[in-house]
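Next up: some structures, all given as structure tokens.
Two complexes follow with chain A in common, the first pairing it with chain B and the second with chain C.
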Partner chain A sequence: MITVQNLSFSYSKNPFISNMNFSVGKGEIFGFLGPSGAGKSTLQKILIGMLPTYEGSAVVNGTECRGRANRFYEDIGVDFEFSTMYEKLTARENLQFFSSLYDKRPRPAEELLHMVGLENDADKRVGDYSKGMKARLNFIKALLHDPTLLCLDEPTSGLDPTNSRIMKDMILAEKARGKTILLTTHNMQDATELCDRVAFIVNGKICALDSPHNLIMSRGAAKVSYSWLDHGEHTASCALDSLSRDEKLKSLIAENKLQSIHSSEPTLNDIFMDITGRTLL
Partner chain B sequence: MRLKSLILWDMKFQVKYGFYLLYGILTLLYLLVLSAIPETWRENIAAILIFSDPAAMGLFFMGAIVLLEKSQKIPCAFAVSPVNAGEYIAGKVISLCVIALVVAAVLALAAGAGCLPYTLFGTAVSGVIFTLLGMIIATKITSLNQFILWTVPIEIVGFVPAILHLFNITPAVLRYYPINTCMDMVAGRKVTALQLFLTALLLAGLLIHARKCVLKMWQSAGGIKL
Partner chain C sequence: MKAIRLSFIHMLLFVRRDMMLLAACLTPFLAGIFFRFAVPFLEKILINWIGTREVLAPYYGLIDLFYCVLTPVMFCFIAAMIILEEHDDHIESYLCITTLGRNGYLISRIVIPAAAAYIITTILLPVFSLTNLSITEFILLPATGTLQAIITALLIVTLSTNKLEGMAVTKISTITILGALIPYFIPGKIQYALSFLPSFWSGKAMQSQKPAYLPISILLALIWIYPLLKKFSKKIS
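== the complex of A and B ==
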């Protein structure tokens, strides 16, 4: 679906993206993770044909991005981080307008509006929408022409937990429909939950690329923490892979004296900091 | 099909933003002016009114339309759609020309202009030139103040020679100036093939440049200024 080889790009004389190589398979959710200014949005813009002055190769749906024709966009849906709607038009009018720009038969606007819970606000002006409503509408705008590749830029940014959950469920539903999804985010929790594979991007370079699970597991085993009461509460921990050698834990289990016990794997955020030495802010 | 859709939706936006209402009121006002002046002045005054307003409306309204789109990040949406720059420009130019032609027809008929097809053709050509100029400026600026500032020199080179030419107080060679050719046609005067050729050259140049400017605007929505 996407093949990137020796990709470099620069806004000035200094390289901004240098020598990137990766590929994304059909039906995969692939995440670009990194702090602000790392180059992940720039990379996504190259892949959607908005920045043609790159070096190397970036092939999307069989087309080299720098040489794309306008038909390239018949099969790509882009959801920007911000609203790209006419505020004076209603949601329904916006969807009608943007669907009229494609040759493909559009997905029914009514069905999409229902899917994101906006069916009762379809005839309201977009200017009167809340941020969460605009984000959901922007998302279904990217689905109108039923593209095979979806590019989502910070899809949950600024959303409250409920809207964030709705958005993530919609992304997973599109994956279930067979779509390939490129996700740009600096939210590690979203990436862990949604992505099949992620690429850590810092200073325009890919520092690591694997599934969230493999990345987490590659950095040491999870820990087990436990507590017990003995003239006050005490806590201790040991590595999951040496659990059977922890005599204290074995005795507490035998005497049924455990107060609490839980495992704690490192998060993707911990792994990111470990690998890149950077935080995601 | 896509162009038809762009034209119809652009007209819809113009209705929503009150362009049609505004031009309804302005047309009534111009009709009052025409009815109040002596009959011998009517044709020339109608030509000035048509040339300076409906024909040139694109120069002013394109700034408002494109700035409004920029403020709502619409260029980003066009940049990742199958619409090409030519279709985008044609949609705006044709939709604005429709209003210009209707207003010009009403004013020309009210003034008893001699050759309506000439006047309408002149209005259409002037409308395309001024709309393209408006679009070229609008793609480069970020505020309405900048737009107003940029339009001043265009108004000077666009309107002053044309009005002087209408009253035959310009050197003969200036009849080949495409803007004066447009004024000739708006006033219902016949023009030569050379005049038309030079005007077509200007139109083609503006169209090519406007297309480049729109592509640059879309590309800068991608975060890069080439």
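== the complex of A and C ==
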């Protein structure tokens, strides 16, 4: 679906993206993770044909991005972090206009509006929408022409937990429909939950690329923490892979004296800090 | 082509909703009627009052020239305001990554309105003109006006980031059109100091009644348009 080879790009004399190599398979959710200014959005802009002056190769749906024709966009849906709607027009008018630009038969606007709970606000001006409503509307605009590739830039940014959940469920539903999804985010929880694979991007370079699970597991086993009561509460911990050798834990289990026990894996953010020496925010 | 057509129709629907932009569309007709009927009437009154043989008549060519610029400038001003509104809503960049594309966007927002203005001016000029123009002038004068209007629109959308700034830049950018006054009011070689303005050569053509100056105006306008277009393309990417 996407093949990137020796990709470099610069806004000035200094390189902004250096020698990137990766590929994304069909039906995969692929995440670009990195702090602000790392090059995630620039990379996405290259892949959607907005920045044709790159070096190397970036092939999307069999087309080299720098040489794309307008038909290239029949199969690409883009959801930017900010609203890209006519604020003076209603949601329905916006969807009608944007769907009319494509040759493909559009997905019914009513169905999409219903999917994101905006069916009763379809005739309201977009300017009167809340941030969460705009984000949901922006998302379904990217689905109107039923593209095979979705590029989502910070899709849950600024959303409350309920709207964030709705958004993530919609992304997973699109994956289930066979779409390939590029997710640009600095939210490691979203990435862990949604992505099949993630690329850590710092200073325009890919520092690590694997599934969230493999990245987490590659940095040592999870810890098991437990507590018990013996003239006050006591706690101890041991590595998950040496659990059977922990005599204290074995005796507490045998005597049914455990107060609590839980495992704690490192988060993707811990791994990111470990690899890059930086936080995601 | 479908996307370009629909994008242009969408722009027209947008104009219909905005009273200020809609009023701007009517200006060429109202101005044409004023120039054709009120100016000669005013000339008669002034001649009787001042007692000279002619007062405004030596400037009829200049009035025709301004009429050729008026319709394109109004249409391109409307287009520029819509582009700025789309810029405020982050839509111009988004439209460039649809099947419309960057070139399609430029065609639907600048080229088609300018072409429409050229056609309308070419049709209306014989009706409202105050001087006896040749066929060459009927074809080339609206062309120079249209190209100057494109320069004005590109200056507005390139130099401003929102509609409010756009209104301010509109006032400044229309100064480029005032170059047509120079050959009429500044005698001698000093007038050539402003010969870098395409409108100067249009004014020169009308003042000296030499249509041969009009191609210079067109060529100069194209030289102005090229870097502005590149800058605008860069802005929307």
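To be clear about the criterion, the second predicted complex is superposed on the first by the 281 of 281 C-alpha atoms of A that agree within 3 Å, B and C clash if a C-alpha of one lies under 4 Å from a C-alpha of the other, contacts with A are read in each partner's own complex, and residues count from 1 in each chain.
Simple rule for what comes next: a residue touches a chain if its C-beta (ideal position, glycine included) is under 8 Å from a C-beta of that chain, and two chains touch if they have at least 3 such contacts.
Everything numeric here is computed off the predicted structure, so don't read it as measured data.
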* Overlaying the two complexes on chain A, which is it for chain B and chain C: clash or fit? -> clash
* Which partner does A:Ser83 reach: the first (chain B), the second (chain C), both, or neither? -> both
* Asked: Which of the two, chain B or chain C, is in touch with more residues of chain A?
  -> B
* **Contacts of A:Tyr11 with chain B and chain C, given as first, second, both or neither** => first
* Asked: Is A:Ser100 touching the first partner chain B, the second partner chain C, both, or neither of them?
  -> both
* Considering only touches as defined above, state whether A:His231 meets chain B (first), chain C (second), both or neither. => neither
* Touched partner set for A:Thr42, first chain B, second chain C, both or neither -> first
* Mind working out whether A:Glu74 is in touch with chain B, chain C, both or neither, as first, second, both or neither? => both
* Residues of chain A at both interfaces, chain B in one complex, chain C in the other -> 48-51, 70-71, 73-74, 76, 78, 80, 82-88, 97-98, 100-103
* Structure fact -> chain C residues touching chain A in their complex are 2-3, 6-7, 10, 14, 17, 85-86, 88-91, 93-101, 104, 237
* Asked: Considering the complex alone, what residue numbers of chain B touch chain A?
  -> 1-2, 5-6, 9, 13, 16-17, 72-74, 76-77, 79-84, 218-219, 221-224, 226
* Which of the residues in chain A come into contact with chain B in the complex? -> 11, 41-42, 45, 48-51, 53, 70-71, 73-74, 76, 78, 80, 82-89, 97-98, 100-103, 141
* Structure fact -> Within the complex, chain C is touched by chain A residues 48-51, 70-71, 73-74, 76, 78, 80, 82-88, 97-98, 100-103
